């Protein structure tokens, strides 16, 4: 217990970074997943191969990129391939081990919606759409979902099933960690200071909790320092 | 710059040698109201200048095709230039929503828009099939998602293993426009950095235009260089800075601030229209 | 050269990081009697040293796969190392016949050999399907030729247009060996010049070996450079001159005289055997 | 009429080179087709784009290459592509206008055999096989076949149909030129000093001759000089 002050968002990123210890390669999008993967390379796993769907394999960005196609990704990558090659030779055949995905809605089976809220033809909110997610989620060995923990995100029924959840091994939120068990996402860890009840209140489906819910290790000084240093670049 | 040798078009899908013309000529010659138009560039090398020229020329009823609509298609959809949008990810990368795209889909403003969406893998393979002039491509994907009911995808069975796979129809845009770092005076083009699906888009399209940062006497092959010969391109146009606020690796830098600023400009209909008018992109 | 970090193999088709070992170790670890073995390199970068090492180790009953068997497979077939040959063009390019290949097919000498032949387009697409881990690839071809009756090809119907197309089964060699100009100490490989189907062969194979002209501290991306990351390669072996009498662009030159000389050496069984014994390629 | 001495083999190459005047691109293999295409670039059509199946597009070799993958082809090409890309993006979609092909057997419909002489399973002569020919012959707009004129080459029935003849526009031999007419190859030109009868004697099928068989223009001084200069490099 470090006694350091941090936000739950910071811890979410740090927990995601920890999940990449010992992994060989990770497929990442922009935002928190990118931050977590760069943090993993700084703290836990300097050899981690970062793969962005823009075609950059083995990118080593110094800053968290704003887009998945920033110049620094191409300039530091081990190889840069076309988008068709990325999906057909690298993602599809399962050459990338872990994928970080986000979503607007998650159901109890870790299926994801990133397409629409409301009816497809008359959506209340039109979301960006599938992007690479459907094939990334079935191509990569393990999927880690990173999402905010609200009743709007964790829902019983998706408005649109964009992406299948079978390979999801972990959902990391700002409140805790869910893992699949017995066919449904189950709460396995809460962040320090968060109660199981509080997580349930923020989950839109009946959430099971494992018999021994862990408390996430708070950020170490090294983790927190590295994260803040990374975001200040 | 002057026009280079032009051979008469003959059958068999063979094209003229590329003509080097102004951007306005290139767009006027190829982009008519109602065409299907692919402006490609995956984050990198997005052909903004060409898209803006399409708007300046007042084109409407377009079927706009792009894996990642980005700010450019938000602008084109926002002024009502598109009848249909074919895409796989309609967000402002790293920032959030494309507000004009959302407004068109959610509220039909300034007009209703037809949407056909795919996954990235699906769109990429559709371009691959188009470039190969095959009617479809085979892939693993779509199965078990709601995309199946809402887009053009079918299944084929492997005649050797019996496995059922997804089939996506070839993309064959009437016109494709991409941006590249350079061409030579015969219209041979080279781009480097993230190559996206630009080569496929050019080869899949009925007519192809490439805008370039510079025209050089002779192409020197660069590390990572993708060369597209002039004889599969119709027009090359000199458009320095033509992919800003996206970028051309080694020539211009991505204007990340503008990507953030767009979130503010585009959020409000009037603010958006005012900005577009100022830029000469809306009359 | 010393072994680099090795991670335990896990499921999902992910491999070790490439180990840098001697050529004899790389071959001994991967090529067993009876395996299907692809030694690729389209005219350029043919992995002669690796193929010769396979012969020195006395491997037999191989299923040899190569688009263009060339002198290397003439040698391997001529000593009786192959049970089966999968190919698309079995000639001595620019010279004429592969006499040992002919003798095996025409007279079963030194042993009968099973033949499975395709067109180049068919073989290339079979590797593409293998690299994508799809069971088959779709193409236009084969129809109306006698190949249809004599090889593995089927038809599929486009679910969108109804057009009937050819389907070829994926190639998934047990082992692929290719030659490249260089690797770094982590086994990341770069080759340039004519790239052939080497990347596809490596990605399609169960295990992959790359022999290289040199091992460098850091790869500098070259114009036309194709990089294959070490984590999809099992072994990298230093084999300078390892593609002679083929060549490695920028490092060695093709020995065209030897290609002509081979016509004489290989025409006669005893001359051939004598030459192979001299080279230590036949006991 | 130049009065120059030349062989019919030389004239065959020169006639083949002439067929490339005004063409935009040509797919070529090694040997005489390569020589003819290089000669065409020297004499008739400096802008002709040479495409070799090794992946070199726009190659400008100074010497006639021994193999289709010689280093000079890669070093002088406008672009070099992988073999899959060559067939899928360039040959298959018909982006190359003319193809030069050879064969061991040609039937009256210009179908070609380059696979076996005799029975497939017990061949008298095992030939190299298909190579790129089947898809080149159906992908390119026009196919020009270059072959020696003998009764062994021109046969009624192929021992193996490797390549379809529908797109063949011309067969150029060391005796003359055949072109398709009314569904069968028809003699349209003889080389100087060759009689129609002589061509028929060297053709293994009933050969029709056009009503007005032309006599091939003999080599010009420029053509012959360029050809010999090319071969001496």
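Letters A, B, C and D name the chains as they come in the text, with residue numbers starting at 1 for each one.
As a working rule, a contact is a pair of C-beta atoms (placed from the backbone, for glycine too) under 8 Å apart; a residue touches a chain by one contact, two chains touch by 3 or more.
From a predicted model like this one, the values you see are computed outputs, not experimental measurements.
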Mutual neighbours - chains that touch chain B and chain C alike: A, D
Pair of chains joined by more contacts [C-beta pairs], A-C or C-D: C-D
Where chain A and chain B are represented by their mean Cα positions, the distance between them in whole Å: 29
Rounded Å distance, chain B centre to chain D centre (Cα mean): 40
Where chain B touches two or more other chains, by residue: 128, 134, 139-140, 199, 224
Contacts with 2+ other chains: residues of chain A: 88, 92
Every chain pair in contact, whichever chains are involved: A-B, A-C, B-C, B-D, C-D
Of all residues in chain B, those that touch chain C in their complex: 134-140, 152, 154-161, 163, 165, 167, 169, 220-225
In the complex with chain C, residue positions of chain D that touch it: 30-31, 53-56, 65-71, 73-75, 80-84, 86-88, 91-92, 115, 120, 123-135, 138-139, 160-164
List of chain C residues in touch with chain A within their complex: 5, 7, 10-14, 17, 128, 131-134, 188, 199, 203, 219, 227-229, 231-232
Chain B-touching residues of chain D, taken from the complex the two chains share: 24-25, 47, 49, 57-58, 78-79, 88-89, 92-95, 97, 141
Interfacial residue positions of chain C with respect to chain D in the complex: 42-44, 67-68, 87-91, 93-95, 97-98, 101-102, 105-106, 117-121, 124-125, 127-128, 139-142, 144-147, 150, 193-197, 199-200, 224, 247, 249, 253-254, 256, 259
